[in-house]
Amino acid sequence: MSTFATPGFEDRVKESFAKQGAMSLIGARLVRVEAGEVEIHLPFKSEHTQQHGFLHAGILTTALDSACGYATYTLFPLGTGILTIEFKVNLLAPGDGELFRMVGKVRKAGRTISLAEGEAYALKRGKEKLVATMTATTMTMTDRIGVVG
Amino acid sequence: MSTFATPGFEDRVKESFAKQGAMSLIGARLVRVEAGEVEIHLPFKSEHTQQHGFLHAGILTTALDSACGYATYTLFPLGTGILTIEFKVNLLAPGDGELFRMVGKVRKAGRTISLAEGEAYALKRGKEKLVATMTATTMTMTDRIGVVG
Amino acid sequence: MSTFATPGFEDRVKESFAKQGAMSLIGARLVRVEAGEVEIHLPFKSEHTQQHGFLHAGILTTALDSACGYATYTLFPLGTGILTIEFKVNLLAPGDGELFRMVGKVRKAGRTISLAEGEAYALKRGKEKLVATMTATTMTMTDRIGVVG
Amino acid sequence: MSTFATPGFEDRVKESFAKQGAMSLIGARLVRVEAGEVEIHLPFKSEHTQQHGFLHAGILTTALDSACGYATYTLFPLGTGILTIEFKVNLLAPGDGELFRMVGKVRKAGRTISLAEGEAYALKRGKEKLVATMTATTMTMTDRIGVVG
């Protein structure tokens, strides 16, 4: 990343993360906030499942989308908000694990449009496996009063 | 759809949906199961939110992915399982509503690979608005013992 | 489409299409320009092929991307330019045909971000088959001097 | 990549590439074939343009799709064919350059479904810039007589 992070980005991300009811609902935890990179952990619960007993792709997406969004947000100017325009998820293996590690990284930070890439890893009996990837496009909102975070 | 639905598809979808812990977690309800088309409703709750108080794109995706997957599954032969390979979501408006209506429709039913399209509508004060679209690619699994649904 | 087309949109699209060297290279023809919908035809040539002798997915994408982009551009205000942010293509059947018909339609016309959907049909011995779909996100450029079209 | 490449993969890729009429049409050259990674160069020509005089996103996609497909094909067993199911392209900067360098890399090589990632770089006056990324899902075809490559 050639782009500089905005001072105070760690606190801004923590504050915004705490407002996401969805993160509490699924039990996701914000574990690492760096300039252009954010990591979120999701301990597996039986309420997260799809029909085969694995992590539902949507629950995985919920945590991974937040990881990508906050990775991008660390580079946003003060007073701006972030809006996800679209994301795409490739599911590479069943979501079979005790803990899922979501890593979001900025690929390109633009004035208006940014691209982040996410990776979801399943941890099972001490082994880690890549189970999904994401690409997420976000927009910087500078002109909407009251929309910060 | 030129492809015929598999007899008993409605019960098979209901049974599989009931096994998805994620649907209970978010409070999603299966409201319509037709050949190649499924509708899921998601009443908005404060636990569903992103940082601006709207529906988190991941929670929306969770319900929409199930709608697309089950729409496709209605056309699958008996004894097969469904696996989502990838999906892409375009977010068109904030998830601002009292209820979200997710509609999944099969676009192409193939022997191995199928494509479904999903639409998410927000209902607010009697008005409905398209807030997101999905394209989802699934694979028919015929050779994995015990993987049905 | 609830959005109104910009007067003179047909001429603006024709003018811009004529500037695309890529359309001449592949032999694509602009056949229909309506408010929010554009159709492009691509007669099959042996120079279009992938290794199995069918239409290369990239050549298909070239014509389909222009169809989606111009469909969106019909709704853009005067003096603005169009920029494609991303697109996704699902390939549903081999590109086996004498002529390919590309149809781009606006799904959501926004102030800054718009979404179009495209369909590619193969015509062979009087029969038509859907061979690919596209979703394309574009941005309206209002502030770049000299970038119109 | 933990997966081993199939002996003779370099010749198989060269042979298949030579059959792609589309590669000749746009003037793309195969410059590097390694296990799980392929590089294609595209010298810019005026016939490649979109309306602003830059590389058309579809022409870029044509070369990038082949790079991703062949990267994956290096790992395919003998006697199999490759089919692209879908791809997504994020356009990060205008295609403004004298030469475009397309790099395709396998991310996950599966028995049936594989994922590759592609990057397109524009070279201009000695400087290189990332202008687009791709994710491409392919399927290994083992049961179609005569479909190899």
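Which chain is which? They are A, B, C and D, in the order written, and residues in each are numbered from 1.
The criterion applied here is as follows: contacts are C-beta pairs under 8 Å (C-beta built on N, C-alpha and C of every residue); 3 or more make two chains touch, one makes a residue touch a chain.
Since this is a predicted model, take the numbers as computed values, not measurements.
For the pairs B-D and B-C, the count of C-beta pairs in contact is higher at B-C. Chain centres here are Cα averages; for chain B and chain C they lie 29 Å apart.
A separation of 32 Å divides the Cα centre of chain B from that of chain D. Annotation for chain C: residues touching 2 or more other chains are 85-86, 88, 90, 137. In terms of which chains touch, the assembly is arranged so that all chains touch all other chains.
Residues 85-86, 88, 112-113, 137, 139 of chain B are the ones that touch chain D when the two sit in their complex.
Residues 16-17, 19-22, 24-26, 45-53, 56-59, 61-66, 81, 83-91, 147, 149 of chain A touch chain B in their complex.
Those residues of chain B lying in contact with chain C across their complex are 88, 90, 92-93, 107-108, 110, 115, 130, 133, 135, 137.
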